[in-house]
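Input: a single structure, listed below in structure tokens.
Which chain is which? They are A, B, C and D, in the order written, and residues in each are numbered from 1.
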Amino acid sequence: MSSNTKKIPVAILGATGMVGQQYVALLANHPWFEVAVVAASTRSAGLRYGDAVLSRWYPEIPFPDSLKDYLLADALDIKSIAPRVKLVFSALELPNKEELQELENAYAQAGVAVVSNASAHRWTNDVPMIIPEINHHHADIIPAQRQQRGWNGLVAVKPNCSIQSYLTPLFALMQAGYDISHVAVTTLQAVSGAGYPGVPSLDIIDNIIPYIGGEEEKTEQEPLKILGDIRDGRFFQREGLTISAHCNRVPVRDGHTACVSVKFAGAKPELARIIDIWNAFRSAPQELGLPSAPTQPIVYLDETNRPQPKKDRMRQQGMAINVGRLRACPVFDIKFVGLSHNTLRGAAGGGILNAELLVSKGYIK
Amino acid sequence: MSSNTKKIPVAILGATGMVGQQYVALLANHPWFEVAVVAASTRSAGLRYGDAVLSRWYPEIPFPDSLKDYLLADALDIKSIAPRVKLVFSALELPNKEELQELENAYAQAGVAVVSNASAHRWTNDVPMIIPEINHHHADIIPAQRQQRGWNGLVAVKPNCSIQSYLTPLFALMQAGYDISHVAVTTLQAVSGAGYPGVPSLDIIDNIIPYIGGEEEKTEQEPLKILGDIRDGRFFQREGLTISAHCNRVPVRDGHTACVSVKFAGAKPELARIIDIWNAFRSAPQELGLPSAPTQPIVYLDETNRPQPKKDRMRQQGMAINVGRLRACPVFDIKFVGLSHNTLRGAAGGGILNAELLVSKGYIK
Amino acid sequence: MSSNTKKIPVAILGATGMVGQQYVALLANHPWFEVAVVAASTRSAGLRYGDAVLSRWYPEIPFPDSLKDYLLADALDIKSIAPRVKLVFSALELPNKEELQELENAYAQAGVAVVSNASAHRWTNDVPMIIPEINHHHADIIPAQRQQRGWNGLVAVKPNCSIQSYLTPLFALMQAGYDISHVAVTTLQAVSGAGYPGVPSLDIIDNIIPYIGGEEEKTEQEPLKILGDIRDGRFFQREGLTISAHCNRVPVRDGHTACVSVKFAGAKPELARIIDIWNAFRSAPQELGLPSAPTQPIVYLDETNRPQPKKDRMRQQGMAINVGRLRACPVFDIKFVGLSHNTLRGAAGGGILNAELLVSKGYIK
Amino acid sequence: MSSNTKKIPVAILGATGMVGQQYVALLANHPWFEVAVVAASTRSAGLRYGDAVLSRWYPEIPFPDSLKDYLLADALDIKSIAPRVKLVFSALELPNKEELQELENAYAQAGVAVVSNASAHRWTNDVPMIIPEINHHHADIIPAQRQQRGWNGLVAVKPNCSIQSYLTPLFALMQAGYDISHVAVTTLQAVSGAGYPGVPSLDIIDNIIPYIGGEEEKTEQEPLKILGDIRDGRFFQREGLTISAHCNRVPVRDGHTACVSVKFAGAKPELARIIDIWNAFRSAPQELGLPSAPTQPIVYLDETNRPQPKKDRMRQQGMAINVGRLRACPVFDIKFVGLSHNTLRGAAGGGILNAELLVSKGYIK
């Protein structure tokens, strides 16, 4: 489908959904990857991609006209898709977790790298759940995964969008020597996090919904794997860290806000020192020059009333973690507010950054 | 202005503002009180009340036509207002705290009872800050206040709207023998809390503002006075309780939501026991049969996604504290969500309930 | 299900939907009607009504606890429902128009009066489409309908919610002798008009949708039947009146606004005269003292910036037609803005008012 | 302030306001113009520009850091500003129209070209009010203006934001030979049109305001000057065209929607022909290759539910006029929906395009 033989051909599974559209938008001019296949459910297979999504195109980036006439493949048709790509981004929404695991496994078995937004494999023992600025080294479980599973492909996943607004800032402090024992976080999550059609307007105009199914559990537990260790070809969770979450849906289109309170396990940095650590923080994506990496992954905003979703979510193409309002906490040690774009950094952008990391480390060729 | 000699004549200072309007609305058919004077700034004095507020009438309760032709008095003109009323509800917004204190003092000096929504006197040593379901007995500082000040009137205040969604539920547990040592609360506050014109629409459509000036300090400190003791004619703050707050402005018209995490000092009640305590909680306003008292001051909602501002703020004429989502907390002991109507329970309704308590206790005659 | 033998027992078909809920709310304390049966799709049949709707209860009126334990009947099970009621309010959403017509016919055949919110029968020749203040006399086709159909029940319908904000004011002028030839109307319609889940929040936060399927056709054509004549047991459309509509979905919960431009066929009233006609307008519902009739069906608001959905939709329990901004039009003759509550006056409230009219006229006993 | 001697140095009057900020954002990397002076009211003069606007920066384009340390000039200080610039963009909001006219005149007298967003000079006889795609030739009144006024500068203005969503599509038809006699337009205008702080959130969450002061008059009359003729060094309004407007404020951040009904004076084009005319329309800005000109000034969208503010306002950097829903009108001849970005095409972007036109025609050197 393309004459450019240098780019890595990829498939997007679930290309009609909101996250799938965001993948398509972000990959339109990607220097390394090229969309070779757009795939969706069996029901949509055969439709022209433009016909299927144009009337409900969600990303701010305009629809790439070059994909208008692509025919939607059936995401379950591994035999047809796998030979045409090296990498699939999995953004399928299947009701059944096991079914999705099997599908992702089957692609890996067919020699394809799978980078998944789905939660199916997040707790699989030998599957890395990666935020590249934090646990890029977790990618190095891939050789063990391949050996254990007997496949040439790979499966890697990204975590839930709700943790992206606060975990990298916490990690930056931990890495600087300030260990953290307790975190209390309240999230104010955008409606795009629920996909499309997602949240009914009658539920959210002039309203807050103080509950999102499964979200508090993910917010409390996924960080423990991401901050954990690899031993003997499997993951062990971080110990000594406890997180408690309140998750709310709010009338905002994009951008998850997190109000975070933190207790350190030992030494407590000064507030000014914390801001320095955050602003100076760089990690593998920056050092490796990954195309989707934000130049400065954590940006501290000095204004008293920031970060705000509308004003800050698009910073650095939606890949920055915005923080602000750092102050002492009478109950814990410090408090701050974090914000990231849930469908860019928190979904498709994060997935692409993961894939770039895997390419850079040689696991996708 | 009225032939009904049985009702207590009252003035509303700041009657053109949002809270003042809410007072007017709630007092329209009040069994004990009757609006004799509507007063505002010197600038508005002399206008017909209907002309001044009809085009920007905020309450859900329709404008009471009987007040349409009242002429706005100058709130600073104590000599003219005080003789006509026994009670003033102070909802003036003066830039200067000392000025407002002096004005409220002068009314008390003129023999009038002042029930204030303003923060000017909240930390005055002999002025009670009352949530009637919690610290009704704080009203009993009035005799000492009168003696110390040498006035026949009185000054009593109500606390900030942001604490009303969570403090009564906490108090109910404390009263039942479960002492609390730490509270972490994140509020999602409605735009009506900022008055009118208040929050610009460009700041809040598709946005969150994670900061409200002065609000976190009030949320953390006012409960300590409310839960404190009277000794020697003055207040002493509650010891052994620490509160930490994140306060956010959200795109909701009315109703402040609070995500609350609680650590007990000693014994920890079972979750089912807590719900029982909340639903069964009754206090002085209910026992005294105060006209504005909700029958059940704390209402626990079983649905997993409640309370919600749009659906629950008007429960019991906007005077109920709605709670829900009670669950164990991995960091503290329990977590829950509270919600109350910020301009009813949290402002005018709370002020009227305070005045009813003071009448019932004989401090307003 | 009730011991009160004086009230007319009714069934609500589609009782779990938004309009069905509104019916349940409004009938909770109705002086003439009593909810004997709540019915829904076959799929929901057998559920407790409280379990089915409590978590998504939409009306401002609280859920009537007395209906909590009612078991949902299957709306298709006419044999079981018809003997228990004299009247059904049909708020079912069936994909197929013919199927719904047959269902409503079958109830009428079983001797039950059907008052329908659905569009299935709106253009049936012998079925009256009634706004009681306008064409109450259309109910008098019922004897002909009964004879032609050979049933003892009846079928009557209410028109689309989009026309309620402007048609009664136009009719008031026509009735006063000012015939109208052309109307151009642009509607700004609330999301509740699309039911639940209805409009996805991602489609409407910070957005307008300038299209609602089928709505412009209904807005242009239904008035012609309502303003038409009965001859020979069937309806003939009004001639000499042409309407053109733009229909938009806007980020408002409840209340349809209509911007209306009007050209008179002959004599043109002065603006002041029009306001007098509107404010003085009374019709059959008022004269008959129907329980749900607004005292003043058309209310003109003098303020320059009214009517507004949030401030005016609940006037007279949501049954008033609010008008304002009457002014000369450079292209037509006059312009004004109309507003009514789309799920009260425009749906359930309008349906109940129709039923009350039919009772009052003796067609329901 | 700049070493780049090739660009034309410009001042922005009212640089702290919303439109002024939008000018600053758009000019950050402009190929012809360079911001030499940011000016505001006397009160703000002397502040650093970054300090004055950073906390309330409105444009989607990030704040240009290079202007952070510019000191705000006093816009009234013509003596200091005029020598440093060739062009001022006037986005000042002065309460007094005459005062603003005098200020703009004084700049022209000082030899500076003034391109104004204000309404002060819109009806001045020898001042062109320009939408470059429509009446670019109106710029050619400048020599007469200079002679009559005896100044070397110039004053040109842009029209109100509310007419931009529909006038260019109408003009395209007129230019193609289809004269128009009557237009009825209902606008749904974004809150950013009211500036900052502008519309209070309590007035617009869950609400519509069916009135914007002065807006309907501008919407009805300004097109007549734009479509008019120059004779004897002054403008004559278009005859034979009548426009009627309803203007509404809606809960949308940016993007004015217009529902338009059109009656032709003579020949009526087929719908398909109209779409062809619109999509093919090009004018002076495109032919001259003006830097801010959209490639295709009118874009017809085929989807049934477009244009929508959120999805379409940014098309072609916010400079496109989006149209859709073309259909026959039962009262007039055709109906359609137009949409443009009110602070880009409708304000700062339109002003810059005007300035580019004046440069291209040699009136600014």
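Structure notes:
The criterion applied here is as follows: a contact is a pair of C-beta atoms (placed from the backbone, for glycine too) under 8 Å apart; a residue touches a chain by one contact, two chains touch by 3 or more.
Everything quoted here is computed from the prediction, not taken from an experiment.
Both copies, chain A and chain C, contribute mostly matching positions to the interface they share, with over half of the numbers common to the two. Two chain pairs are in question, B-D and C-D; the one with more C-beta pairs in contact is C-D. Chain C has its Cα centroid 41 Å from the Cα centroid of chain B. In this assembly, the C-alpha centroid of chain B lies 48 Å from the C-alpha centroid of chain D. Annotation: 43 Å between the Cα-based centres of chain C and chain D. Each of residues 205-206, 251-253, 304-305, 310-311 in chain A touches at least two other chains. Chain contacts in this assembly form a complete graph, since each chain touches every other chain. Within the complex, the chain B residues that touch chain D are 18, 58, 191-192, 196-206, 251-253. In the complex of the two chains, the chain A residues touching chain D come out as 54-55, 57, 60, 62, 205-206, 253, 303-305, 310-311, 314-315.
By the touch criterion given at the top, residues 182-184, 186, 188, 205-211, 220, 242-244, 246, 248, 250-253, 257, 259, 261, 304-311, 324-325, 329-332, 335, 337 of chain D touch chain C in their complex.
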